[in-house]
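For reference, the structure discussed in these notes is given below.
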Amino acid sequence: MDLFGKDLICTQEWSREELMAVLDLAAKMKRDRFSDRYAHLLKNKTFFMFFYNPSVRTRQSFECAATELGGHAQFLEPKAMRLKTATTAGETIEDAAQVMSRYAAGLGIRILEDKVPYYGAGDELIREYAYWCSIPVISMAHDKFHPCQGLADLMGWAEWFGKGPGYPIDPSVLEGKKLLVTWGHGALARSWCSVQEALLIGSRFGMDVVLAHPEGYTLDPQVIEWTRQNCAANGRTFEETTEVRKGYEGAHVVYSRHWMSPQAYQDGEFLKQQEIEKALQYPEWICDADKMALTDNAIFTHPMPIDRGHEVTDEVASGPRSCIYDVAENRLHVQKAIMALTMA
Amino acid sequence: MDLFGKDLICTQEWSREELMAVLDLAAKMKRDRFSDRYAHLLKNKTFFMFFYNPSVRTRQSFECAATELGGHAQFLEPKAMRLKTATTAGETIEDAAQVMSRYAAGLGIRILEDKVPYYGAGDELIREYAYWCSIPVISMAHDKFHPCQGLADLMGWAEWFGKGPGYPIDPSVLEGKKLLVTWGHGALARSWCSVQEALLIGSRFGMDVVLAHPEGYTLDPQVIEWTRQNCAANGRTFEETTEVRKGYEGAHVVYSRHWMSPQAYQDGEFLKQQEIEKALQYPEWICDADKMALTDNAIFTHPMPIDRGHEVTDEVASGPRSCIYDVAENRLHVQKAIMALTMA
Amino acid sequence: MDLFGKDLICTQEWSREELMAVLDLAAKMKRDRFSDRYAHLLKNKTFFMFFYNPSVRTRQSFECAATELGGHAQFLEPKAMRLKTATTAGETIEDAAQVMSRYAAGLGIRILEDKVPYYGAGDELIREYAYWCSIPVISMAHDKFHPCQGLADLMGWAEWFGKGPGYPIDPSVLEGKKLLVTWGHGALARSWCSVQEALLIGSRFGMDVVLAHPEGYTLDPQVIEWTRQNCAANGRTFEETTEVRKGYEGAHVVYSRHWMSPQAYQDGEFLKQQEIEKALQYPEWICDADKMALTDNAIFTHPMPIDRGHEVTDEVASGPRSCIYDVAENRLHVQKAIMALTMA
């Protein structure tokens, strides 16, 4: 298997074997974090990070990843670029991508829903960069997908149900486990990317999946269809519900996070304030100890940053079954492994 | 003595022996700046720099420090973070600090008076990060203290009264020397942090201390009390005066810098413009050759950037007894030593 | 020849031998890009990049250059500095430059026409930094010159007319070749720096030069005079024309780019909108296949980013005789060579 030069835009586009190669290497890198085996893989090499949307967590983990591989991640904000748009003169992606390919070993792009005129436009943009780049393009979260988060999630869950951090990842421990991905109320009008990636990767690796949300908060039909197919291929179940408590019953992994409604765009505008007001009308959609008591001693997972008091109570988020910091740490290891496999 | 993992928020909280360990190593690092002994101490490791307030000098010296130790300092602006506040949804410091501890070897924070609702709020914030972080937290200047500046000051003064740069630091050459910390007029409404740190570290190491300022410009009573106690413990004198010339008499080190008045805050607001107007009413509070003639051939010191023409004349600032560039350079060496001792 | 510590503000101020030293090393660095011979030349060292104007390309190439030499380039925006101006308190360049010289191995500065009150003010500023700095100051493009672009241009042209990338640069292949530098219409009100540097370096190395532009779009008289002298010294011709097609006849290198008019400033203001409106009145000033057919199978060159559809058609810019990506790549190699020769 040769992953050198391969783009990573959605885990669904990588084979299970390819995803396992990432997880295997990530686990080794976690155990021997500063080993000389890994410390020079990107020596003298550059990874460009293109942040259409600002981010602290994603920047921290990607920039650390490059540093730990001996390379350097450049923090770039395309607003400083004079890119051509429908109404302004500037550089084309064709030109920008081909020049960047001469300088760097890889390109990461982050572009979320509030920077695009409609859902999917960010995905189109990232694929246009990938088309013109001869270096691998990695999604650092975009409006549709967040593959690095999905891999970090799976790694964290497998650690909790397996032998723990430092051991090889054995995703078979997740087979037949029940994953609840549930909407949480909140004041942030969040992207679909992390939860969609969780649905896809959880179902890829043999989990039973429940998607729960209030009426009117479904996700991308294509992602739901893929999730259904993944579950079917593994002989597992997929269910979508608008009941707030039902999905908790017997769950092993509870993923509670807010997301925007499909009505978030109108005439090319992202209606953030309207989304926030609508979302705050569902205060019962919070993950709390009462609901967690319905589960099969489930772990609580979240891609962070958490909106405490809305998506989840402090009691659960800081409780003994919360895997949030482990998953956050795994972002680093997973990204190091992806960079090593696709760029070194 | 083991400084690994230790926070540095104020020099007063470190023992004299611990401060000497920093100065000893800083002097060695200055002499053999690019020696292989130091070039790998932070290899592949990350230092996070959190700039609530922008800064060029502090960023330059910390980022250089990490580079010279073989590591990398990430320049982060928390405005890009969605942090929870009293009125907005976002991430808690509890969460942010615990995740950062998984990624980095240390965290520097800079937060000055204009970013907080009252004097001391920056100190509280930095201590909340330190509480939740398992990595050392270093103040890169906050509303109360500026420990790296204090150490760089002391190193510079000891070099000038000792054998010069490149030799081991012997702070006993400062014992009994007279340090004048004097207010300067000006148009910048500056923080208390640097001057307070100078009072504390000068008095710690056996200097006689005079604090001079116009009526209504005293500093934090706790810092003045600590300075008094430090002097007493060393058998030295401490004096506070509102006479502009008196403190110069017989001084060996003159530190002239503007600072805001204790009335700078009202109802949670930093009254910058009001402070500037008030300060400009004291044009006689400038360090000039006439006043320097009263001293015992004193050196002129300043944490920079200097507000020339307000705090000090060009003649003095660029004169043969100005140690400003040496002190500025020492920021680098002191910070390298702190990072090496607490993070490597 | 010892280039250590030498500033690079305009290629005209360096001897042909010095420029050849850069090109020789750049070609070697291109052939063995990640060789151990170069990977440690700036180890643990810092290069400051001062961006008065934002830039993606220049930042990418300089930051990559430092990384590939084992060092680190700090991205700094002077707006975060409190610099003294005619009307505001702040730090002087005297102070800033002397402190930076204590921290870093070199300083790059980028300041373009829209950040200064008149043409040439950027050049004066960069020379004031150079006066006070004890480290080399490199122009990363300023209102008058762009020496790194000029060197990358020449390297690219010599590759196309010589043996190609990877071989030693032999600029004699350019002797007697005809360089057309032609104005292109467009909506960006661009600087004179790149085209002026192209005139200077092309004429230095024995090319016949034609400068073409509409009435009222001449360049700096000093640069035109230097170009004329360079051509005369090499026994070559220099011609300035306002005919749009004539310069294409028999040309070997066509450089089509927009630039502002000499009327771009009024009362200390840069009249960007007025310049754009004026420029759009010349739609015939575009480099297209029809005009390229007049040449002697010329290559198309441009410093990028290209304003496609204004300065040049897609057909030419993406055609088989376009050297734009090679020239862009050469920015990296040339800058690595400059840093190695002046700072290592």
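Observations, loosely collected:
Note that the chains take the letters A, B and C in the order they are written out, and that residue 1 is the start of every chain.
By our rule, contacts are C-beta pairs under 8 Å (C-beta built on N, C-alpha and C of every residue); 3 or more make two chains touch, one makes a residue touch a chain.
Since the structure is predicted, the reported quantities are computational estimates derived from the model, not experimental observations.
The angle of the rotation carrying subunit B onto subunit C, fitted on C-alpha atoms and rounded to the nearest 5, is 120°. In this structure subunit A contacts its sequence twin subunit B using mostly different residue numbers, the overlap staying below half. Distance between subunit A and subunit B, defined via averaged C-alpha coordinates, is recorded as 41 Å. Within subunit B, residues 72, 75 each touch two or more of the remaining chains. Across the interface of their complex, subunit A is touched by residues 43-46, 48, 71-72, 74-76, 78, 80-82, 84, 88-92, 94-96, 98-100, 102-104 of subunit B. By the touch criterion given at the top, residues 34, 39, 54-57, 59-61, 63-64, 67-70, 72, 75, 186-188, 304-308, 310, 317-318, 324-325, 328-329, 332 of subunit A touch subunit B in their complex.
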